[in-house]
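Going in written order, the chains are labelled A, B, C and D, and every chain counts its residues from 1.
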């Protein structure tokens, strides 16, 4: 339920609405848009549905929201959310590229890759210190040592860092070192983790589980948001299908379109995990930009044959650099599509590929 | 099993190989490439596998093909197949757009749409005269009357026509009226129909069943090809997944990449049936070109609210026209991507969207 | 739309209703149940929905049917349909076992197996003469020769025969030789074939496509029934899922429960094709009976190592015999479950397994 | 890699093998079976594979294990694992029924249901105190208060209690109150939770994620076992498919057969969550016993209309009682099937249903 306030309503009128919501055990979440003020009723709204909110002074109308997600619902927040991480924007009007290795393996490895992706124009740096691996016998990440290395890479390159949180017990480490907290697909419905991550107050990048519907995914975003944190970045990374021979998962590019209709949160896509093979990443990345996503998360490694995880799907730095130029061109053909920053790159891209020449 | 002949082998040597294959109940299918001649052993090759073909005069080597499809296998035919329908090319180096209504409804409807898609730059015209509908109570198509109307539309616009065949009993009609025979997804494993269509000798556009693996799809192509017809165009149109709320099927763009690796046949994509809604078709079409498909099949209707089938997923002619310009730009960013014909359009596109102006 | 007539309505009142339906281009399909007479409106009912049928003389009420299948809908035909093939019943109250090889391979093979399954208590004999194989290079069946052998096996054993039809061109052969026409899963939406099979007037066993929803499956039954043939037997045989390592398809036993709720048609299950391996067939068969299916279709072969198709999933005759005894016991624990005929077997089963002895 | 020791090998020989494994960073996990002693090499075995273990004194042979799970692998532990919880056995030869409400709601509710399921013959009691709900606005469980109530119910009925753990922070509570720790399907790949649960040392009931392959599921069991805890009970509860209209998930009964082949761990099935509706639970339960599962977990509630979660899928106590009798009969038809305890029930069941009477 969303209560739309009249233009020029008074603070007292607003407080009256919130007071009544409180009596129904609901939180009144105020969202001030460009043209109107909305009060979202957050909680179990069953009991309040019959109350005549629309006859209260200062109230313009009441929107019933049939979807179970409220804070994430575009009806409640019609304007696109654009998240800022330092100078980097994620959301409508921007095309944001997050790149880096699957796992932090060593200081040298991480700094080498950080410099390479920075040079190619990436906006944020990814790297895992806590690795959720299918096998207990696989490399499990460097832990806090890995976070320290990431912080050093940020120090040198200026790129904000994105890294995965896997347990509520890592809250202090996330507070200390990280810019964007990633929730991996296997933990998408680890609700205790979502609540812990939400309370930290930093942007959260929430991967879609391979078997999650759009609605289940947004309900997980709602868990984070219900802790008072509106900064959620959605990330599609491939869904489960019957054909696993050619791709680990099937990249669901139409999810980008579905998500943009029903939520105001930004949506990016990770092509590396969907296909699981380097050779397919550039073509899928072009398609992701063409369909209108707000960004990509791509795995890059300077020496993938020796990578401790996900080597086969990591791009070489020079592939990544070339891909960045292709993406820039495609973004220009997308109506309302995002632009990469710095814009300088666009010109350079045309020049090198040679298609803008007479 | 593919037998690679030496350069400069004699006709007698070639015939000797074919003769031995015949003794094993195998057909010897000769493919002369730019640099070498291959003889494919078509049939059940179990018995012949132990025979020492590589010691025969004129034979260079023998390739074992582990996949059950042979004629469709890129190993057997390394060069891309480019199919010609009149002046239209489908395959590597070309981006071919097939457009038109789901069903032929009337002469006026068909001619109106044919003119519109011709004007926007489409290369071929689609329209169904025999409609496989889920319900026996839905419009089942105009039958031969519909084919006559399609022929008239071809007459006026010069566009080759693509239409669906649904029964082996329609062979004569297909011979008389049609340029490209379409096999719908529900009939992808209707083997009697595949054999009938294959024997006609015209190009066949084979849609992927929503539940078919790449291999099952290529085995169906093999049914057509084993009748002596190499002109098969593959068409992805969405696969079955667990989430049907936002899309009828999930468009599997990574299938384009998988198909290009394992077969020499051209691959196009139909975004209309995957998403089932007009508003998503342009964005998906951009992604399809960006990922490197050889073409698209798109539903267009001048009055979709009154369409007898698939109205909600049909583009308005003016949407289609705008989309054609966007696709042209994106195709230029795709390395090795197809170009639309006539090339004239590309310049026009840049001009109108304004991105090439300095 | 179903029109429920009053008890004691006159023939003239009934004809009046049918006459009005005809004006709306609908067929009036009369179904006389134990307690009431229903007239189903078959066709596209959109236009007729506003007509006040319930104010006509002799009409008791009008049921709206929201599902697109009408003739197959339990609302239209509340009593279970029980199909008779000679002395064999298929439907509520019966547990009917169809057994035999995948394909007819030779007279000797077929007669050997027919005798074995007859001895073990099977009620009908299966065997394919037209085989829809994934590969054009695999054994495609003996055609009419196979049908002749099946007819001979029926002659000797008295078992009605079930065999697959794959093309509308086989109508005459089906009329001449067959008792129950099987439509394979790949042809479930081959609508031209469904119409041809429906017109023959013999019972049709309709396999569910691995990717078909219950509704799509029943719409295919509707195609057969709309040709005036009410004798459709549904057959679940495994659905498509993400895990193909251990089973080709996942047997969907809950489909039995879903089908029984929405349709009056009998539902049997084929465990052999779902699992694809002999060792799992007995356990799955027990589960199928326990869940309440009306029967099973099971592959049996006396020499499966030499079978031309589906050898690995065929039971040996002695396994089949033992299984029949187990099934008989389980059927007795199923409330409202079917009983096998002859009932004599039940006692024998208890005796041999020894659980009824005190 | 599993090293099979010779009969009569010495302790020194065994220690030598373990010592060499240690040099390769592997743990030597000793399993003494009835006839032979096995030493499993647990960890990343890549480096050790070339070492000639089979030439060491006391070593009989070396088995390569191609599957990534080792401790859960039947090759490493050929005998079935039977887990004991007080007097209750779970595993080969037993049919163990776990019943109770979805969530602990109040002392009265829990005790009422506990008494009812005890009376009907259930062996363990389920009830959730920490509820992972899709929505943050739904009832989240009573927490420690719920655990106290469960302990009281155990005190009164003697039934061991099974309850879900959702965070590594609940370790102390699990140690204090619980008999069997349940890991819910959403947390199946919450590896931090698996490790925490494994370290507690109590039996763990591990639900299969709706999208997990058998192998992924066993890898999660491996996480628990690699902490030194061999007591893992697997629980299938429905998998993700394309048809959600009639069932939330598709119950995968063939998983029971697959699991029994590849692992020694017991496998039970939860029909309530798969179907999501009370009316289907009895028939599915019968199928589960008929296919050969080692037990069931079933939701029962005395007043399901007022249940705070999962009401529609909970059986009434009297339905559960009747079902228990049916299951007992079916279990007798399953070769090698489990028997319910106390055996007394079997006779009673026959008597009441009346099938054993002459």
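We take it that a residue touches a chain if its C-beta (ideal position, glycine included) is under 8 Å from a C-beta of that chain, and two chains touch if they have at least 3 such contacts.
A quick note: this is a predicted structure, and the numbers were derived from the prediction, not measured.
To find the repeat of A-D among B-D, A-C or B-C, check which pair has over half of the same contact pairs by residue number; it is B-C. When every chain is reduced to the mean of its CA atoms, the largest separation from subunit A belongs to C.
Each chain gets a centre from the mean of its Cα atoms; for subunit B and subunit D, those two points are 50 Å apart. Averaging C-alpha coordinates per chain places the centre of subunit A 37 Å away from that of subunit B.
Shown for subunit D are the residues in touch with two or more other chains, namely 211, 240-242. Remark: subunit C residues 211, 213-215, 239-243, 245-247, 250-258, 274-275, 279-280, 283-284, 286-292, 326, 329-330, 332-335, 353, 355-356 touch subunit D in the complex. If you check the complex, the residues on subunit C that touch subunit A are 240-242, 244.
Against subunit C, the residues of subunit B that register as touching in their complex are 42-44, 68, 132-138, 166-169, 186-187, 189-193, 195, 209-211, 216, 219, 222-223, 226, 240.
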